[in-house]
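Two complexes, one shared chain (chain A), two partners (chain B, chain C).
And now, the complex of A and B:
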């Protein structure tokens, strides 16, 4: 819960930055202001939310306890501190703070330590039983390692501490860092976790291992081609065009295969009625497909570089953030239900998980959110930054509404009184879960 | 070379039965130096401890479809033969006092029913339940209440069979 709360706080920071006109599209896509925005979103919001979800669900994926329960909180502290120092470094780089470029490598070191704890803890846990979805997590963690390695080199390079190799990597290697992070770490891991969550919540058989292995292989190959091929291309000074085209084709194949797997889960579900989190997750899958379509269209018309921001915006806020928000809604309800009623279950009448939520109220906020994401993508493609800021304001409204619903779930606000706290049950704390 | 007697408890597990007594009977029939080659539909973890107490080392190997082959090999120092001859010393799980079919219930109803039914068991009694999925969130709740459990998927992967035993 602490990870989720911290992640949501960073999401609000990122939304506030966009409303205030900090970073892309108000500034250049490689400006220090854009770097602040991008890292607040990718590390603060998405990576923290993903880590929080993985600490809960990797043990479920492998049916084994976490390698170490003690790592989660120090990792969160290191990641938060590292991100703050890194952002301060970007502020300094952009001239908003007195020059102190050593902040960048310092932030990178803290982030490497924090992510290192996460990778070791989750990696060793998933390694015990690397079946279907756990394999996605392992590849995602490997991609995370590649991402932070690139990031650390850039941070040292910006401080002038990485020598000529650092300079070469910094001028050409940014796409590799971004693809490993967004594609490898966040997307492949989100895919892996979604397989199990979707099957669990819809009572569907798990996707056959051989089938999902193909999806993973395409995705893993895309990341491997990007990192290894990209590194080689930079070393040979031959340009990244061929490597990036190959990675794009493999990435598209992986997204298409993932679509096939998700369709299988939906078709074979035992629970016909779809809960809110599923209906909203569907919009996130549509966004992933939309991201692929936009990417292909831009590449065909040779305008990909000009509209990179719109492409990344749809991937980050439609696909990844949308999925995280939809699943957060369900995960918080489920974990709160288990925490509160697990100890008295079978001994006293308990509410159902669905009694903790008010889906009607939450639906409208999700609709506001997704509509704003769609509109935001269009305004970016059309090059209308002022209207873009309006859509971000609408998005913020949607997120505020969703977060308010999640807090009400945590407070058991929707559970009718005789069932709310049956003999011996203790109301959960807002931020700290007992299990 | 150790000679192994084959014991296949998969049909018993598939029909929802309790294989412990069969395994223990096979154990009593062993000649000195003989071992058991056990086939099961899941990795029989609790059995390892019981067999180690009786002086058997184990090595296991996963077969296709989540099934397991386990070799129980007598250790060089033989345990007290009298203990082997006395079945009351073995931890036998009795026939389930209650059988639940929770396959068509929406979660978390299966979990609620199993916990409610388990609380009604007399000391040492067992219940068995059929489920659609591995009840990963139920296990910690059972352990917190002092219950022990054994579970695994049937070979077709469609049904999860769980046996829960009340503390004796």
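And now, the complex of A and C:
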């Protein structure tokens, strides 16, 4: 719960930065201001939310407890401190703070330590039963290692501590860092978790292992080609065009196969009525498909580099953030139920998980959010930064509404009085869970 | 006598619900068997999926509900996933109210 609270706080920071016009599209895509925005979103919001979800769901994927329950909190402390120090380093790099470029490697070291704890804990847990969705998590964690390795080299390079290799990598290697992070770590892991969550909540049969293995193979190859092929191409000074084209084709194939797998789960579900989190998750799948279409259209018109921001915006806020928000709505309700009513089961009547939520109230905020993401993508494609900031204000309104609903779930606001706190049940704390 | 006690235990277990499906575990077909011998109740049960985080609470809930039945000296609950649960085990009336697809 603390991971989710921290992640949402960082999402609000990122939204505030965009409304204030800090970072892309108001600044250049590789400017220090944009680096602040990108890392607030990718580490603060998405990675923390993903780590929080994985600490809950990797044990579900493998039907075994976490390797260590004690790693989660120190990892969160290291990641939070590392991100703050890294952002201070970017502020220094941009001249907003006095020169102190040592902050960049210091932040990187803290982040490597934090993510290291996450990788060891989740990796050793998933390794216990590396089948189906757990394989996606393992590949995602391997991609995370590649992402933080590139990031640490860049951070040391910006401080002038990485020698000529660091300089070369910094000049050309940023796409490899971004693809490993967004494509490998965040997207493949989100795919893996979604297989199990969707099947579990809709009572669908699991996707056949051979079928999902093909989806993973295409995605894993895309990351491998990017990291290994890209590293080799940089070493040989031969340019990244061929490597990135191959990675794009493999990435598209993986997204298409994932679409086929998700369609199988929806088609074969036993529960016909879809809960809000499922309906909103479908909008994130549509956004993933939209991202692929936009990417292909931009590549074919040779304007991909010019509109990289619009492409990344749709992937980050339509696909990844949309899925995280939709699942967060469900996960918080489910965890709150477990925490409050699990211990009194069998001793008193208890409500259902669905009694903790008011889907009608939440639906409008999700619609506002997704409509704003679509409008934001279009304004970026059209090159209208002022209107873009308006769409971010609308997105913020949607997120505020969703978070307000999540807080009301945590406060048991929708549970009818006779069942709200049956004998022995203890109301949950807003920001942390007792179990 | 033991059959009557088993029936009372089965009735008492209706207070335990699956949090996701929102129906009691008896009608959902989670209870595979209830055996009574000299006041000791042995219950074999399942859940929708082995990794479900609610599994432990379901088991403890069944233990608590069974232990509270007058005449029960102790209750032993065994969780199994063999055979795996599937929606065909749900009582037909409940299945319809849950809006389930036709079950083969």
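Note that the second predicted complex is superposed on the first by the 435 of 435 C-alpha atoms of A that agree within 3 Å, B and C clash if a C-alpha of one lies under 4 Å from a C-alpha of the other, contacts with A are read in each partner's own complex, and residues count from 1 in each chain.
Criterion: a residue touches a chain if its C-beta (ideal position, glycine included) is under 8 Å from a C-beta of that chain, and two chains touch if they have at least 3 such contacts.
Predicted, not measured: the structure shown is a model, and the values here were computed from it.
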Combined model on chain A: chain C and chain B, fit or clash: clash
Larger contact residue set on chain A - chain B or chain C: C
Touched partner set for A:203, first chain B, second chain C, both or neither: both
Contacts of A:270 with chain B and chain C, given as first, second, both or neither: both
Contacts of A:56 with chain B and chain C, given as first, second, both or neither: second
Which superposed partner A:347 touches (first chain B, second chain C, both, neither): both
Which of chain B and chain C A:296 touches, first, second, both or neither: neither
On chain A, the residue positions that both chain B and chain C contact, one per complex: 60, 63, 200, 203, 270-271, 337-338, 342-343, 345-347, 350, 352-353
Residues of chain B defined as touching chain A within the complex: 106-109, 111-119, 132-134, 136-137, 140-141, 144, 157-158
Residue numbers on chain A that touch chain C, as the complex places them: 56, 59-63, 196, 200-201, 203, 269-273, 334, 337-338, 341-343, 345-350, 352-355
Touching residues on chain A, where the partner in the complex is chain B: 60, 63, 199-200, 203, 205, 270-271, 337-338, 342-343, 345-347, 350, 352-353, 435
Touching residues (chain side chain C, partner chain A) in the complex: 13, 15-17, 19-22, 48-54, 56-58, 60-66, 68, 87, 98-101, 103
